[in-house]
Amino acid sequence: METWVQWMWLIPVLPMVAAGVSGLLPRTARGWSAGLSIGSLALSFVLSVISFAAVWQSGGERHLYGFRWFQFGPGAFGTLWLSWVLDPLSASMLVMVSGVGLLIFIYSLGYMAHDANFTRFFCFLSLFAGAMLGLVMSNSLVGLFMCWELVGLASYLLIGFWFQKPAAAAAAKKAFITTRVGDLVFFLGLVWLFGNSGTQLFYDNGSGCLEAATLNALVQQKVWWDWSLSQVIGLLLFAGAVGKSGQLPLHVWLPDAMEGPTPVSALIHAATMVAAGVFLMARVYPLLVAGPEGVVQPVLMVMAWVGGLTAVFAAAVAVAQDDIKRILAYSTISQLGYMMLGLATGGVAVGVFHLLTHACFKALLFLGAGSVIHACSEEQNIWRLGGLRRWMPVTYVTYGVGMLALTGFPVLFSGFWSKEAILHATHAWPVSAGPFWLGLAGVFLTAFYMTRQMVLVFGGTPRGNVTSGSIHESPPVMTVPLIVLASLSVVTGFVGTPAWPWLQGFLEGQQAILDWSRLFGADVWGLAAISCAAVFLGMGVGLVLYRRIAAEGVIQRDPLEQLPAGLCPALRKKFWVDEAYQHSVVPALAWLAYWCDRMDRWVWAGLMRLAACVTLVVARLSQNVDEAVVNAGFDRACEGLRLQGGRLSLWQNGQVQRYLAFVGAAMAILVSLWWWGGNR
Amino acid sequence: MSPLTGYLVLSAALFATGLAGVLTRRNAIAVLIGVELMLNAANLNFVAFWRYGAGGPDAAGLVFVLFTIAVAAAEAAVGLALVIAVYRHYRTAHVDEVKRLRG
Amino acid sequence: MDVAFGLTALITLAGAVAAVWLRNLVHAVLALAVSFAGVAAAYLQLGAEFLGFAQLLIYVGAVAILIVFAVLVTRGGEVPAGGVHAARWWVGALVALGVFAVLGWAASSLGDRRAAAEWTPMSVAELGQSLVGRWVFALQVLGILLTAALIGAVLLAWREEGNDSGTHLGGGES
Amino acid sequence: MHSFPWLTLLILMPLLSGLGVMLWGAGRSRWTRRIAQGVCGLSGWTILALTKEVDLRSGSLQAVERHAWIPSLGVEYYLGLDGLGWVLLLLTVVVASMALGAAGEVGERPHLFDGLVLCLMAGLFGTFTAQNFVHWFLFWELSLIPAFFLVRLWGGHRRRVVSLQFFLFTLAGSIAMLLGFLIQYAGTGQMNFPELAQLAQQGRLWPQVAEVWKGWGWTEREVALGVLLAVLAGFAVKVPMMPLHAWLPSTYAEASTPVSMLLTGVMSKMGVYGLVRIFLPLFQEPLRWVWPWLAGLALWTVIASACAALAQRDLKRILAYSSVNHLGYCLLAVFALGAAGPVSGSIVHQAAALNGVILQMFNHGLTAATLFWCVGWLEKGNGGFRELDQFGGLRAAVPIFCGLMGMATFASLGLPGLNGFIGEFLIFLGVFGLAPWAAWLALPGLLVTAVFLLTMVQRVFYGPMKTTGQRWMDVDWRERTGLGAAVIVMVLLGLWPQLLLQFTHPFVMHLLAGLRL
């Protein structure tokens, strides 16, 4: 076990190396690149499973291993350690990330088969997988942040993978910058935490920043109003999570990110990367709850409200979208909101349970959507699809499983159990009932938009220009991952039911006991009945509204347009959030840039020019003074001297008489001088 | 004006006249004339000082004058020979045309 | 200051000025001879009889005649086209005037510290004794000088005969 | 003391070869380039060998050479090396060899170019090792002369005006600094940095200096602040700090590519070097009075330059402002050290900030030089145009180049795993501990940096290919080697910053021990 932890670094490093190598490979080395990436990730997966087994064996113990990275100051505080942790949370996340990732890698083999930049794609995917694996197993906040940023980079590269499309380029930039807003606040929280507590290791045998001693110190310090330092730092970290996990108000990048290839959407923007924010919150949960016993910490309240609002908001927007991937994107945002809600109200286990189940069925849904898009010659508008169940049975069935899981269809599907857990926790939340009702509304909306999508895409008859002849089922390399994911979407639910809350127990380090009676407790089903009703209501409304339209085989107006009071445009336009940014932040920045540039060009450069002019004037002045006064005087003196010299030289004309005259004159003068001087 | 002063002033005037001749005349012989005048002025001085100054019985002043006369005769002979030689060479006896001394 | 001295001085100076001033060289030499004679007279007045006669013999008799011959040889009697005086004659005159002023001033300011008190005239015999006695060495040197000058004058006047374009004169070439 | 004169050798080698190349190199440009590169290599080897020869990990001055020069004026020939100097020597060699590698396009008088670069190197070597003010100032100015000619002789059509601007600006700053130092000298009679630092630490420096001016009715505080401003002006122009930066954008834009590389890569570091080596130890006391103002200026530099970069269309001007922005963090960290009284600051934060400054200097030098090289390459490939709108979709045509430049861009942006991150992280860690508000306010700078760098990448590499009539050829082996080596160093330092920190950290601790903050 201990020796095993030392070798865990292989898990993220293998895909990283694969990324580095395939980055250097020529573009034609398609097989090499794909083989390397998939092989390394498979190896990572195996290692992850072994780690998972190891931690399971040891009953959820926490194992650490670290090394000194660099020294920047005196003492222990001045040493930056990097470390990784093997505990239930990281182990289960490792398995999930590498497992889902592996399936998506395999799927990409088929999906991207015809792309010119195939090798680059696998390079980026491997980079992403490595970074994400590093993120989840990191035991240091700095290491986590580094992987966090690398994940962002991989996301940037993959969204902009089809770089010739201006929309893709813009979306990539938008994603990077929007998430960077959150990242920078996160960075500040990191710096604050590190600077204040002197450590950035989560667990360090009692001196880590998530352990009692440090937490107590943090709680003691009050910063603003009544907030303790731990809460403020928690809030800053949460800002990072908001950016990465697409919570309000930084969610705008996630739908645009669908410009990337569909496997990317599945891997990054559904299953794994966007869950990094949730994971971060789960990782630092001890920090968030640190404080007096029995008091709900303010950060958790913020998280709950943000999560709940995001869940409903995104679900509502998803209702009116026409693009199959965009619907799923908003659905992802909404589900991430649920996760946050679950974390805030129910603790790590609740949130992470939904994270894991969601990873399976959202990956499934995206891959299914990709299969559809692939088959229907890149058609993404659900109004132009239809009737696909006849030609794509495997996709249809698996997509249906995913859809039912997402809506939380009772009993059989994983989404039901994880969502129930969240709703339970919300219901029991002492602070406010608001998040519960938000969650419930979200459930209804989720059921509705998924039914709408399902019916329009697979039900009825084909519409638009998608002709039946060209539609074909995807190759096995794509369908097999779908089937695997579909079965996972069912199975994962059963490890976290109230009767046998194994996963929750695992995550919290307790032994789970099978107790059927708990399954039939009144409190369970009392609440479940309400949520089931919401699900059925949503599905029913969806069926009623769209079944007939789907059957008709002609593109029709969306019945949603009959909604009252301009609600439909609001939904379609995503409540104008993008537009709001477009008209506030973007012009503000442009204005600032403009003025900074103007300042530089006119004020500072102008001052410089003014100084130059003054200097020139002074120079000209002094030049004139020089020439007219100083130089002229000197010149004249020189001229006179030369002239007189010339005249004098005439005396030296070689005539003895002249010399003699000199001698005479000189004698006369000398004698007179001598005489005169002698007489004094 | 004592006698000595009178002879000295006469000597000075003679000397100045000779000098003027030396300095102003173009002809070499005329220059020579000036030189002779200056020599005579000097001689006159010797004699005047012998007679009125610190003469004494040793007759140094007179002897000096005798020597000077002898040297002047030699000088005149050599000078005139030179003048003749210059005249032969340059076909002129005008000193202002003889400028070999000019650097 | 008696009349005799004034007359002598007048003759002497007038002769000198004429010798310097006159355009015709022959006339100038004659004027020079007059001036020499004036000087000889001054010697006689001063009590140096021997010197006075020597002056007459050597200067008026020998030197003046020699100069006349030289004038005739160099055709100096003719008045040249550019005048007898140098272009800037006034400079020379000015310098001469300056020298005269200085010397005259010196002479006049000398005063007579010793009047002609215990003066005893000197005979020619005494002069000759002192010449061959005390000054005999100088006399010998003078003899050599005269011989050398004579030979030199002869050589100068004679060597040019066959060599008109010679450059023996002076060291002007350097 | 009497060991081998490594540092003199190091300075003389490029100086003599540079002069020789200028004198006899005409028409032998192939050889002069080889000589220049050889000297670079030899200097680099010497610098690396010095780590074995002397004990840089001790933190104190090593390889000291000290001889009396003009004893009556306190002028000494005083050379010494420590971690700070070593890092900058290394940077000088790296950037100079990169500049020589990028100088393929210097068409006219290439021997002159090589010679000037060598002389500049010598000046920089001297600046980074001299420990006596006069000795140091000599090299400080010496490096300016080749730089002036490098800007003036090669570059855009406005280069004459611009080189003059550059020269006069820097000279004005230098003169102010000289005056400041003379005032200091008048009071102390001391020109050696270590001795002056010791005086300052004992708190005797400013009373001594103020003694001279007592008759004029000036207090110690006024005198100290006056000298501080004068000396700061010299450094601030070089870095540059706003509002003394007006010469920079046009100079960087007009200078030819290798010269821009040298200017931004090394010469801008001279200012920060001076701040750390001279300004901090000597002005530790007055800095405490004015640091919020100075930190405000640094913040202004950071934010305004990032915003101005966003408004630029010329690639070189973007990079120029980016350079100002990045060095603004260094300024911020240096000034924030003034905030640390015995109560608020902890030594770790100070150490972090200073280590961050030194790392940031090296990292920015490397990254910015690489980026300027890349932009020069783009300009050449695009027929001399470098407006942002004239590019597009280059990733399809020149993928290798785009990969290399992309790495450099992200390094400049501070992406973890590449070198830029460590410096910025340490600076923020330090500044946050010393002056939290400054860290908060500097944060938007990081964001805007990302915005303009990504905009540049988006416009140049992404989108549909814009055809300007040129056929794009990917980088040749020479550029591939040069850029590739630079990128490898970036990754290496990003993953293993201890490489540099092992030398800088002892120096920082030594410096901090001498500060009475």
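Letters A, B, C and D name the chains as they come in the text, with residue numbers starting at 1 for each one.
Assume a contact is a pair of C-beta atoms (placed from the backbone, for glycine too) under 8 Å apart; a residue touches a chain by one contact, two chains touch by 3 or more.
What you see is a predicted model; the values in this text were computed from it and never measured.
Measuring from the averaged C-alpha position of chain A to that of chain B gives a distance of 122 Å. Centre to centre, using the average C-alpha position, chain C and chain D are separated by 95 Å.
Here the spacing of chain B and chain D, counted between their Cα centres, is 90 Å. Inter-chain centre distance (chain B to chain C, centres taken as mean C-alpha positions): 4 Å.
Chain contacts: chain A has residues 655, 657, 661, 664 touching two or more partner chains.
Shared interface positions of chain B, i.e. residues touching 2 or more other chains, are given as 19, 22-24, 96, 100-101. Residue positions of chain C touching 2 or more other chains: 86, 91-92, 95-96, 99, 106. Chain contact topology: the protein chains form a pattern that is neither a line, a ring, a star nor a complete graph. This structure has the following touching chain pairs: A-B, A-C, A-D, B-C. Remark: chain A residues 23, 27, 69-75, 77-78, 142, 145-147, 149-150, 153, 160, 163-166, 168-170, 172-173, 176-177, 180-181, 184-185, 187-188, 191-192, 194-195, 198, 589-590, 592-597, 599-600, 604-605, 607-608, 612, 615 touch chain D in the complex. Across the complex, chain A meets chain C through its residues 655, 657, 661, 664-665, 667-669, 671-672, 675.
Within the complex formed with chain A, the chain D residues making contact are 165, 168-169, 242-243, 245-247, 249-250, 304-305, 307-312, 346-352, 355-356, 393, 395-396, 399, 403, 410, 415-417, 421-422, 425-426, 428-429, 432-433, 436, 439-440, 443, 446-448, 450-451, 454-455, 457-458, 461-465, 496-498, 501-502, 505, 508-509.
Across the complex, chain B meets chain A through its residues 19, 22-24, 31, 95-96, 99-103. Of all the residues in chain C, the ones that touch chain B in their complex are 1, 5, 9, 12-13, 16-17, 19-20, 25, 28-29, 32, 35-36, 39, 42-43, 46-48, 50-51, 54-55, 58-59, 62-63, 66-67, 69-71, 73-74, 76, 80, 82-87, 89, 91-93, 95-97, 99-100, 103-104, 106-108, 110-112, 114-116, 119-120, 122, 126-127, 130-131, 134-135, 138, 142, 145-146, 149-150, 152-154, 156-157, 160, 164, 166, 169-170, 172.
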